[in-house]
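Presented sequentially are two complexes of subunit A, the first with subunit B as partner and the second with subunit C.
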Partner chain A sequence: MKLKLNTPLGRKIFGRTIRAFSISFWVMVIAFALMRVTPGDPASARLGAGAEEEAIEALREQLGLNVNPFQQFINYIRDLSQGDLGTSLVSGLPVGEIISKTFPLTLTYIAFSFFFAFLISIPIGVLIGWSNKASWVYSFRTFTSVVIATPNFFIAMVAILFFSVQRDWAPVFGYEPGFPGNMKYLWLPIAINTLILVSIISRVLLASVIDTRSEEFVETGIIRGVSRIRFFWFYILKPSLAPTIVLMSYMAGTMLGATVILETIFSLPGIGRELVGAVLASDYPVVQGILIFFGVITVFLSFFGDLFAYLLDRRVKL
Partner chain B sequence: MKDNVLATIQDLRIDVRVTRRIRLRIVDTASLTIQKGQLLGLIGESGSGKTMLCRALVGTLNRRGAYIESGSIDFEGIDLVKAKKKDWRNIRGHKIGYIPQSALAGPNPVMRIGAQLAEAINQSGKKPSDEVRRRALELLELVQIRRPEVVLKQYPYELSGGMKQRVMIACAIAQNPKLIVADEPTTGLDVTVQAEIMELLRSIRKEFDTSIILVSHDLQLINSVCDDIVVMHAGATIEKVPSSKVTAALHPYTHALYDSRIDLVEPRGKLRTIKGQPPSVGKWPTGCRFADRCDFVKDVCRTTDPTPFAQVNENQWSACIRHKEIYGGAK
Partner chain C sequence: MIKRIRDYAALPGGFGIIVGVSMFLSITVIGFARPIFIPYAPDELVGDGLAAPSWQHPFGLDQLGRDMLSRVLAAVPADIGVAFLGVSIPLFIGTLIGILLAFAKNKVFLSLVGSIIDGINAFPLLIIAIAMVTFLGPGLFNVVIILALMNWARYARIARTRAQIVLRENYVEAARLMGYPRRKIIFKHVTPNVSSETLAYALSDFILVIVIISGLSFLGLGARPPAAEWGSMIADGRVFLGEAWWITVFPGLALCWSAISISLIVEGLSRRDRAS
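Moving on to the complex of A and B:
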């Protein structure tokens, strides 16, 4: 599709793009500010308690901390615009490199979880929603409520106890890169993530399908006698899918936050565990870089989610 | 006269499943006949069962948990009550068209108008050919939509309520059905658009000799376009009267409906209403269900059961057992 800026759709997309960039900017500001307001001086923390005043001052200068925070921010943005996220205080590696090293693992299991969750949610949501059988809907809602209400680390721990400790179906921790070897370590986190995602996504889809079911246009579709496949897509799924798409794009951002917990429990060397390590070590360029990375991904995913939902169903407000 | 009949509904009873055990009767003893090329008005208050009657005619009761308990619907020799899925496929769209209740929610919001029309023209829904496209344009012109080429590519949200309903009418007449069921087709439209839609239905009837069942709760609106009016109250048909003779109706309810017209009221005068509410579904009394609201009620009205719907003269039917007494046995 060729995008023209003078069409209503083009204008909307243009507006949303501007908005996505401005939100990304504020994400940067907040990530930056958060690291400045947390107590402790990175320089003195690095050098330990007995360090000399001059050494600390020298390190502060080296880290660019000797100027006021506003100037620091300007410098940070300047570096960022050149693709430089700074360097880790601990390992001395560029933050960009750390992210590109740890993120693929996280992306792998998040992508798999979403893929499976989507595949499972659609038949569940459509079948139960379309039947609109009170007993089915009720049991389904009860089950998913329990899953949603249970903290994900608890589900993870129970799963480890059951699958790794009691039975030897999954390693308790560890990781080896490369497909398919990594699946041995990843299948359990993927399964847990999928379970949680299915509970949330299919609930929303179910509610939309129940709404769609009672719409007048469904009646006309039946009376028109369209084929089964056309009916399923144009009269059930397509009009019900928009909220689910929007939710999924939003969830993808939230999931990044949840990786912190999951990767710690399964000790997977992904970006979430990297983030935890960096926070504990006051490695603020890494924390800042990862937070901004997460933020920008979340903002743009939700932008694409909204856009896709709009293309699917024009009732969506862009 | 007899062989001119297109469809006959005889003593139709429709129940709805509330729970596994509890059933509610929502239509009880509804009867009507519709002639070829006739524009029949079906009128009644909310909850009188008009919509359910329409759904029975297009075979979509089931998805609302309702089913036909007894009675028959004869449509060109086919009993629709016993029709199977396969039979419906040949009836819906081809022989019976349907115009939905709400203009705003009638068209599918996720399909372009062209695609919906293509579906209505050619149910297989294959890729629209030139022929289908030509027919779609022709239909849009028929329902007086300006710039049909543009509208074909539009989504329903881009159209006004009146245009949406015109599109729905175009879909309903796509296959030249013998009968069109229009379930309150002007709900939610403003008065001038209502009149246009009514006029459109009338011209379609004239041009294609289609029979139309026009459902409404607005007697004033449909009285001017319909040939005959069938009045429903609390799930039963209670009167059938030619629209020209509504003032000589033979059931007190029809009179009450007619008298509660706003335009009959003098400026700042008192609006005449029908006292009370229609008995709610499941709480129908024995005898005449209008008895509690009727000005002419006598004890006999409450004991005679069930309310008979009887032919009074050549083209008038009434369910009032005392119509002779009340209206002097109209000629």
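Moving on to the complex of A and C:
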């Protein structure tokens, strides 16, 4: 599809792109401001109460805190535009390298969770929504709201109790990289994430399927007698999918947040555990870098989610 | 009284609301009234560590020999109380800012504040809360500050959208034509109609905030050790999961109980909305 900027569609997509970039800019500004506005000096917090004056001064210089805030901001934006997120105070590695080393693992199991959640949610949402039987819908809603209200770390604890402590099905500690081997460690976190995602996604899909059911074109489809597969795909699923896509792109950001806890529980060397480690060690550049990374990813995920939903269903507001 | 409750339960969604409210009230009242009927203090050593649940200690003892029932109930102010603050402060600030934004005319100011709101909302709440702990340090009081600083933006966005719609309604136009001062229009006409929307969001936000408070404490970034808090108790029990499941399971069930009670209310209210 060739995209022209002077068509209404092109203008909409162009405007939304500009917005995604400007929000990303503000994400960087906020990540910068948080470190400077909050009380307390990062350098003395990192070195502890008993540190010497000179050591603190040297660290302030290393963090670039010895110039005025405006100059700091200019330097910060200049470094960021060159892709430089700073260096870790603990390991001395560039933050960009730390992210690119730890993120693939996180991405792997989040992608698996979303894939399975999508596969499971579609039949559940469509079938229960199409039947629209009050008893089914309400028992489904009750079950999913219990899952959603339960914190993921408690689900993880109960799962570990059943699968790792009572039966030796999933190792709790350790990790080994490489595809077939790592699944031994990843299947339980993936299963937990999938359970939570299925509850959230199928609820929204169910609600929109129930809405779609009462549309006039559905009746037309029944009267025309289109084949069952065609009917469920074109008449029921496709018009109901847009809110689910938007929700999934939004949930991806929230899921990234939730991984922090799951990675700590299962001791997986992903980006979330890196963040917690950096927070506990007051490693400012790493915290700031990962914060920016998460913020920008979330912005662009929701941008692509909106865009995809719009292309799927033009009734969506972009 | 009983008849009125029964009538309310017969309304669509009424049963769920009543069950949710009574679940929530029961844990809150029992939690705050704990000293009356539990003889042990939450940090008192009453027996051998890791003792299993018994008639004397229905929830068992933790690794140091503290009564788990007493600790689970002592955590109610820490979790539900802090969550209440963590929801009501952003609710108040966010609603106010959102309404004022709907009135504002200055384009530069509007786009600046709008961008800051979008920028804050771009971060997953748990991630930005964890990052803020680096700058502010751990502790439940700091969790309240973090929520106040970061969570208002979601309310501001909802309030602003709603206020823009309300401002176009006829009754606001009528009030304006009758020459009411702007302050009166804001507080008498716009605020009640906007806050019904933000209050509805606050209810479902309550669940999220409880999970964030306990999640931060679970990671060791929220409540600090001797204090009783569900998330940190679950974290304590993690090491003893094999020999003493009760240290993990009972705080977790308390957490679920309060979150589920709120979600029953949310569910009931939304069913009532759909019915009317």
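The rule is simple: the second predicted complex is superposed on the first by the 306 of 318 C-alpha atoms of A that agree within 3 Å, B and C clash if a C-alpha of one lies under 4 Å from a C-alpha of the other, contacts with A are read in each partner's own complex, and residues count from 1 in each chain.
Quick note on the criterion: contacts are C-beta pairs under 8 Å (C-beta built on N, C-alpha and C of every residue); 3 or more make two chains touch, one makes a residue touch a chain.
None of the values given here were measured: they were computed from a predicted structure.
Engineer: Will subunit C clash with subunit B on subunit A after the two structures are superposed, or do they fit?
Structural biologist: Overlaying the two structures gives subunit B and subunit C room side by side.
Engineer: Which holds for A:Gln72: it touches subunit B only (first), subunit C only (second), both, or neither?
Structural biologist: neither
Engineer: Figure out whether A:Val146 sits in contact with subunit B (first) or subunit C (second), or with both, or with neither.
Structural biologist: In the superposition, A:Val146 touches subunit C alone.
Engineer: What is the contact status of A:Val158 with respect to subunit B (first) and subunit C (second): first, second, both, or neither?
Structural biologist: After superposing on A, A:Val158 lies in contact with subunit C but is clear of subunit B.
Engineer: Should A:Ser131 be classified as contacting the first partner (subunit B), the second (subunit C), both, or neither?
Structural biologist: Neither: A:Ser131 stays clear of subunit B and subunit C.
Engineer: Between subunit B and subunit C, point out the one touching more subunit A residues.
Structural biologist: Comparing touch counts on subunit A for subunit B and subunit C gives C.
Engineer: In the superposed arrangement, does A:Phe234 touch subunit B (first), subunit C (second), both or neither?
Structural biologist: Touch status of A:Phe234: first partner only.
Engineer: What is the value, to the nearest 10 degrees, of the angle subtended at the Cα centroid of subunit A by the Cα centroids of subunit B and subunit C?
Structural biologist: 80
Engineer: Based on the superposed arrangement, let me know which partner A:Thr254 touches: subunit B (first), subunit C (second), both, or neither?
Structural biologist: The second partner, subunit C, only.
Engineer: After lining up the shared chain so the two structures overlap, which partner does A:Ser22 touch, if you call subunit B first and subunit C second: first, second, both or neither?
Structural biologist: The second partner, subunit C, only.
Engineer: For the superposed arrangement, tell me the lowest C-alpha distance between subunit B and subunit C in Å.
Structural biologist: The answer for the closest subunit B-subunit C C-alpha pair is 16 Å.
Engineer: Can you pull the subunit A residues that subunit B and subunit C both touch?
Structural biologist: none
Engineer: How about subunit C: which of its residues touch subunit A in the complex?
Structural biologist: 115-116, 118-120, 122-128, 130-137, 207, 210-211, 214-215, 218-221, 231, 234, 237-238, 241-242, 245, 248-249, 252, 255-256, 259-260, 262-264, 267
Engineer: If we count contacts the way the header does, which residues on subunit A are in touch with subunit C in the complex?
Structural biologist: My answer: residues 22-24, 26-27, 29-31, 34-35, 38-40, 42, 45, 141, 145-146, 148-151, 153-154, 157-158, 160-161, 165, 253-254, 256-258, 260-261, 264-265, 275-276, 278-280, 282, 284, 287-288, 290-291, 294-295, 298-299.
Engineer: Can you check the complex and tell me which residues of subunit A touch subunit B?
Structural biologist: It is residues 213, 215-217, 219-227, 230, 234-235, 238-239, 312-315 of subunit A that touch subunit B.
Engineer: Given the complex with subunit A, which residues does subunit B contribute to the contact?
Structural biologist: Contacts found on subunit B: 58-60, 63, 88-89, 92-93, 96, 98, 100-102, 105-111, 119-120, 123-125, 155, 157, 168, 171.
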